[in-house]
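Take a look at this one; I'll ask things after.
Chains here go by letter, A, B, C and D, matching the order in which they are written, and residues are numbered from 1 within each.
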Amino acid sequence: MVIVLKENPNPQQVNRLKNWLAEMNIDIHTIVGTQSTVLGLVGDTSGVDIELIRALDIVEDVKRIQEPFKRANRKFHPLDTVITIGDTKIGGGNFTLMAGPCSVESREQILSIARDVAANGGHILRGGAFKPRTSPYAFQGLRGLGIELLIEARKETGLKIVTEIMDISQLELFNDVDIIQVGARNMQNFELLKELGKSRKPILLKRGLSSTIQELLMSAEYIMAGGNENVILCERGIRTFETATRNTLDLSCVPVLKETSHLPVVIDPSHAVGVARYVYSMSLAAAAAGSDGLIIEVHNDPAHAMCDGAQSITPEAFGGLASKLSELLPVVGKSIGKTQN
Amino acid sequence: MVIVLKENPNPQQVNRLKNWLAEMNIDIHTIVGTQSTVLGLVGDTSGVDIELIRALDIVEDVKRIQEPFKRANRKFHPLDTVITIGDTKIGGGNFTLMAGPCSVESREQILSIARDVAANGGHILRGGAFKPRTSPYAFQGLRGLGIELLIEARKETGLKIVTEIMDISQLELFNDVDIIQVGARNMQNFELLKELGKSRKPILLKRGLSSTIQELLMSAEYIMAGGNENVILCERGIRTFETATRNTLDLSCVPVLKETSHLPVVIDPSHAVGVARYVYSMSLAAAAAGSDGLIIEVHNDPAHAMCDGAQSITPEAFGGLASKLSELLPVVGKSIGKTQN
Amino acid sequence: MVIVLKENPNPQQVNRLKNWLAEMNIDIHTIVGTQSTVLGLVGDTSGVDIELIRALDIVEDVKRIQEPFKRANRKFHPLDTVITIGDTKIGGGNFTLMAGPCSVESREQILSIARDVAANGGHILRGGAFKPRTSPYAFQGLRGLGIELLIEARKETGLKIVTEIMDISQLELFNDVDIIQVGARNMQNFELLKELGKSRKPILLKRGLSSTIQELLMSAEYIMAGGNENVILCERGIRTFETATRNTLDLSCVPVLKETSHLPVVIDPSHAVGVARYVYSMSLAAAAAGSDGLIIEVHNDPAHAMCDGAQSITPEAFGGLASKLSELLPVVGKSIGKTQN
Amino acid sequence: MVIVLKENPNPQQVNRLKNWLAEMNIDIHTIVGTQSTVLGLVGDTSGVDIELIRALDIVEDVKRIQEPFKRANRKFHPLDTVITIGDTKIGGGNFTLMAGPCSVESREQILSIARDVAANGGHILRGGAFKPRTSPYAFQGLRGLGIELLIEARKETGLKIVTEIMDISQLELFNDVDIIQVGARNMQNFELLKELGKSRKPILLKRGLSSTIQELLMSAEYIMAGGNENVILCERGIRTFETATRNTLDLSCVPVLKETSHLPVVIDPSHAVGVARYVYSMSLAAAAAGSDGLIIEVHNDPAHAMCDGAQSITPEAFGGLASKLSELLPVVGKSIGKTQN
């Protein structure tokens, strides 16, 4: 951490700051410049509240040199984290396909789609039981029943299941779910993150619409600080001025996350672009960029899906994509892993 | 709602769509253009899922003509909502000053600041008991104890109190709080909003960092749909590319919200700019723009505040601001309302 | 400037860097930390290319401590710049009203509006002769003739005139214009800025739609580096995700610019919000925020304006605004200056 | 185009609007709704100024149904445009590699890099002669001499050359250049675009930092409206809140542009991410997404490049990338085209 002092700072206040830092076992190197004095801090500064220092009268600016996250940091954990759920592996050279409808709508619907996903090479079934909807007047999900239907679909197809939690009070219902998803709108629901840190279940953590990559890693850190190291990061589009796609898929987060963190990174092209016919090319791009998997909306009747039909592809299109991915992935040194049939 | 069909749409599918809309008592006017056909829908379309229609094979685009919110809409409620808490009124020509520290840190701290806020013309004491912090290693608030201390400060000063809820499970602790704040990161925590809709307490709803004005109104609608009409909207800066200020204060939301909604609008310049020395001018600007109040961070020792000291002004600065506001507000037809002493 | 070196940097390369910096008369302070080594540079680093250093194999990051602009910097020029054009002053406590149509459309139109602007308290007449239009099929301005008509309007009303230049080749036509405007799309047309630096005419420099405040100051620096110190900065809305207004008016740039620069700052609420009925409140907010003036679109027949009618207010509305401003400005210590009648 | 009228509009004004539209040979279909009346316009509305209608007192909103661009529109030109420069083809299944330094720095430098680019599979040499730099104190390019050196490099290597124009006055110097680049900052320099429309040289049009995809197509339309159909579109990153990369590479523009336009689309990953070590994976992603080529910064001595060294890769890295691309492209049905050796 580097602290830039204002011109002619009060010497007593400077001393007080230095003593306070010294109490935290931080060494201070003072550089007297022509216009300003800079303090270089040496030691573990992850516990120092940068805002607190910025507030001091004598301080012009503070700049952090080291990342404020540790457990999610590749510097302290050089090897890729691989998350194992039965015979399915996520991360470390494996490429994982998660697919399914936006919402679980009925027993018939979810079983039918699950069979299609399994038959076309998917590994994990996605499907919303609790649905975050912008309008209070829109369909809010089958809730507990939706989770039961997912479990039934797993039983029949062997697919693992991932579904979104919206509130701590629902946690009990997720006991038999394989991966708990934290949606973009809850990425900074810190109370929920802390609670999930006490679990040992894999967490699929979606990046918030306007969250930086560093904030995504800080939210992963929240979960990991509780002892749960099984975090999967997920990019699903960020909010920008462009309106041709629903959000802007930030694929360059892949090399950035791969460099700074050891956690698996999956891409959700469906929510990012919001238009079914753009999902295919962005899925190939995500694979080529070095991601560890995809989470894609697939629906056997997109035109009658209860939500987000516009971005769902058909099972046939999903099969075609999986087949093309199995050609492309070896070029970038990835393998599509166990398929379900 | 206007539906633009693709060129040469399948006539059977068009008929199916028309019948489906007719079942919802919606009249359809068909306009056959040279390149595309447009369906104009007449009737109450607020229950029609726009995404569902967009997903249809025969549809090129759908455009909504009416706002998707009702209870928050000025069209159906032309007069300003005024929220009354004892002798304090929010909205409808009154200008309300909410002030206090980012966090409640200790009994001594909050009592001292509360006295200062009351003495300098504030109406409502703000102070965080539960703190959303980006880093799991930062101070997380005094929680239940923080709320008790706020209540004690109210008893002594007569100020009303507002503090932030972070999770449904905390709701019971807020029984004796005057206004419950929903923070920017929870603006789309829909489970929480639904729960708050069952309450009758005033809710201060902060706009999310990357939420549109319409999304803010939809979140207000969530609370109001449950029967709680006491919603106060709060702009606290949106996330943009600019880094000179922490966020970008979107003051033009004031005339937009005043036109489209009847709810009171308060501005939080402290979180928006993130720098204490810019708070004064942005507070005056907010008042001139037509807002109904301010929520400002005030700390008697900003340099040692446990969080966000950088954006806190001193009680003296707050007093100077309140005094200047009492000069400026009459120019725009507002009155600063009852002061506490 | 602070340079963070990578772990275990090649010592020869470090020496080469140090020698290269020493040649530029920069002192180097080395801080050896537990994980990284930091070089603190002391001296005039404004000539050091930060990207060049960032490219070095041994460098992890570089952070600039001082602003990269000098002539526009208040540190080296503490007093407000006041630009004088005849009896009109811009900056330094004066509040200047610039108003007029988006485009000069005809002799009759511009004379009529000019009379209205003068009668209602305006100081400077704005009007586009060269028009930047997104579509090649839209009206492109009266060009040379437009400037002649502005000059005629000045003759009759005594108002000063400001109009936009779009290309260096048009410069000759601006010889008799009082203020040359550089539009948002040309803020980083560096060849044009250099050419305007050779002039001594006041330049109204509009902030680009996605330009940071620092980039705006760097563009001012381009003009000033050529010797033309008469730069007026203008905020006219930045591009964000919000669509309720055309752009987002970033009023917090006012205290930021006032702190970092000595140049006058005027606000263009018309282009920022893009909706006539929001101009009034944002104009009052801009005045309260501490800006030095407004540039507002006024049209006597907004419904038939050839461009941007949606954001133009009528002369009557402008008169009402000017009158309200003359009440508000004394509260913030500004005076509306000479009025035209 | 669809016009939404306000409640109870003045019937005379409505008639005037209808007559005015009828004069432009536009048919009007009126839909009377419960709350508002909608006019559906049928005919060629590309000449109707949408802002003009929005300004009318009786109008609540206007929505455009058809894209405002024609010559760049795939609807009127279903087949891919293929641009041919000697033996090099751009678009239509060919994948083109453009590579070279940010700036032409010296005869030795550009010849050396040109040989490396040719030997490693590049087709077109890029290199800046005129350099848009944010700071007036930074290197501004070799200008005319730079173009001469590029021509010499073409002579020796057979590579075609592309370089950026910054002002109309420089046009003569570009007579012997193969492709003229319009930089992101000049994407809406309409005077320049009009002038380039008179040329028949291929134009590489870079998307502005905060320009929408539609605005990019409108700028292409400016050039094409002048008769120059040889436009190559280039995405080079847009400005967002994320700071981990210099800009955010919007790869989803590829399927959007491919659907709406017939023009070739190339990607500039170097400027988008701004960090050399992220260029490789984003190049592969761009190829997988369906783009028609890449423009990449390559420098034989990135650490001493005069500008933007941080984002330049070495010739060896470029060779490795070209080789990997020749594996990947056949998977997506593209061929890397003629290589230079």
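Brief remarks follow.
Methods note: a residue touches a chain if its C-beta (ideal position, glycine included) is under 8 Å from a C-beta of that chain, and two chains touch if they have at least 3 such contacts.
Since the model is a prediction, treat every value here as computed from it, not as a measurement.
Among the remaining chains, those touching chain A as well as chain D are B, C. When every chain is reduced to the mean of its CA atoms, the largest separation from chain C belongs to A. Chain geometry summary: the mean Cα position of chain A and that of chain C are 39 Å apart. If each chain is reduced to the centroid of its CA atoms, chain A and chain B end up 27 Å from each other. Spacing of chain B relative to chain C, judged by their CA centroids, is 31 angstrom.
Chain contacts: chain D has residues 210, 239-241, 243 touching two or more partner chains.
Chain D meets chain B in the complex at residues 2, 4, 29, 31-36, 38, 40, 42-44, 61, 63, 65-66, 210, 239-241, 243. On the side of chain B, the complex with chain C involves touching residues 210, 212-214, 238, 240-245, 248-256, 259, 272-273, 277-278, 280-282, 284-290, 324, 327-328, 331-332. By the touch criterion given at the top, residues 46-47, 49, 51-52, 54-57, 68, 130, 132-140, 166-169, 185-186, 188-194, 208-210, 215, 218, 221-222, 225, 239, 276, 302-310, 312 of chain D touch chain C in their complex.
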